[in-house]
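Sharing a structure with you now.
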Amino acid sequence: MFIGEVIGTVVATRKTDNMQSLPLRLVRRLATNNAPTAGYVVAVDVVGADEGERVLIASGSSARQTHLTDARPVDAIIMAIVDHWQVDNRTIYSKSALQQDETVG
Amino acid sequence: MFIGEVIGTVVATRKTDNMQSLPLRLVRRLATNNAPTAGYVVAVDVVGADEGERVLIASGSSARQTHLTDARPVDAIIMAIVDHWQVDNRTIYSKSALQQDETVG
Amino acid sequence: MFIGEVIGTVVATRKTDNMQSLPLRLVRRLATNNAPTAGYVVAVDVVGADEGERVLIASGSSARQTHLTDARPVDAIIMAIVDHWQVDNRTIYSKSALQQDETVG
Amino acid sequence: MFIGEVIGTVVATRKTDNMQSLPLRLVRRLATNNAPTAGYVVAVDVVGADEGERVLIASGSSARQTHLTDARPVDAIIMAIVDHWQVDNRTIYSKSALQQDETVG
Amino acid sequence: MFIGEVIGTVVATRKTDNMQSLPLRLVRRLATNNAPTAGYVVAVDVVGADEGERVLIASGSSARQTHLTDARPVDAIIMAIVDHWQVDNRTIYSKSALQQDETVG
């Protein structure tokens, strides 16, 4: 998996039959220090992520291992919403810290 | 999936037996801001996309999860035609806006 | 799939048991404008391509969806020989045009 | 597989149902000379690796070939903890040598 | 597949249960002209390759299509030892030529 940031939404009316009603999100690939990269993926959101949230992307056949995506032509899903991550015992990102900032600020 | 632009067609008479009559389209990989990149893929078109349209490409074993491509040596399909997409709540591309422009212009 | 040019042959006597007698071809990855790139793949040839021909390469598990390669440790096949392709309605490559040139020239 | 270094942990409370309780580790991709690269992966740890350890990462559908990850949307696992590796008959990394250094130092 | 050179060995005592006793080799990715690249892979050796030999690497689910690797978390195998290869009808590498040189030299 890799860490991404939900940056947008893709709308597509004409799809293969078995893809109707699956939400498609635009996800920017992040480095381990939370910096944006040029990479991105369009992923099916199976956990209900909001814009700006950090998420984990599973790719390939692994993206079909959920009830929503089983046997569908899906090669990427948002499989988790990230609460926080550490590198070398230092917190790089924390969702709750961000939310407290917003409440206080 | 990634966002692509249909830029051409590939014709191949001699193919593996189970690939006869599947339409092959040349699709250029786009960045999230709609800019072209050097990347491309030859994909089986299962939705009927026109040249110039923005589409979503599914790759790998996921490309075989449709009636047309099941059990065939296909590693990329056009699985949707994009209507529009947003990044940071800004519309980057809208097919209907383009069509109105063409009608007016 | 991607477009490649058959540039050579690989011979390997010692192989896994189920790979005996499958022809292995060296295929250079081409850009959409027919220019060579640094990329290449060693692919099993299931259609009988000649050196210099443009071909389509299918990768991953999709490379096993033929009678010759089913259940074998093959991750790339030549699945088609390209006759011609267009980009923006312009013919980039045409096999028959080349053959006429050779006959005339 | 590739060689990685465990550099951190990712915590995600909201996950697909079948991903609960699987430990997620941040793993930096290493070159063959043990140098860090910009690449990384978030992998499920099925062997119990500690931070700083060198590990092997298996990707794609192969990441689902363990009891813990079978039929789950997992595209990368830590499948082994590296004791040592050699390149051109020279030891590049040895876990036990490091541990002796720590004991002595 | 791609062409690689066996440059070393990786030893890992603690592995997933079903990976015990499979030999792990460090393989450097080569260009078509036999030049080394920065790329590498750790692959299970199912054919018994020696250090310095040129080999073919199969990746992804294709790496599990052998008796040794079936249903194991393996994403790369050495599936053949290369005898020789040609590009544009010129021999780039020949194992037997090297051996004769060694005998004579």
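A few comments on the model shown:
The letters A, B, C, D and E name the chains in turn, as written, and every chain counts its residues from 1.
In this text, a residue touches a chain if its C-beta (ideal position, glycine included) is under 8 Å from a C-beta of that chain, and two chains touch if they have at least 3 such contacts.
Not measured: the values here are computed from a predicted model.
Steps from chain B to chain C, taking the shortest chain of touch contacts, total 1. Rounded to whole angstrom, the centroid-to-centroid distance between chain A and chain D, based on C-alpha atoms, equals 22 Å.
Distance from the chain A centre to the chain C centre is 36 Å, each centre being the mean of its Cα atoms. Across the assembly, chain C contributes residues 60-61, 63-64 that each touch 2 or more other chains. Contacts between chains close into a ring here, every chain touching precisely two others. The touching chains form a single ring; listed from chain D in the chain E direction they are D, E, C, B, A. Partner chain D is touched in their complex by these residues of chain A: 1-3, 31-32, 46-48, 56, 58-66, 77, 79-89, 92. Chain E meets chain D in the complex at residues 7-16, 18-19, 24, 26, 28, 38, 40-43, 51, 60-61, 63-64, 71-76.
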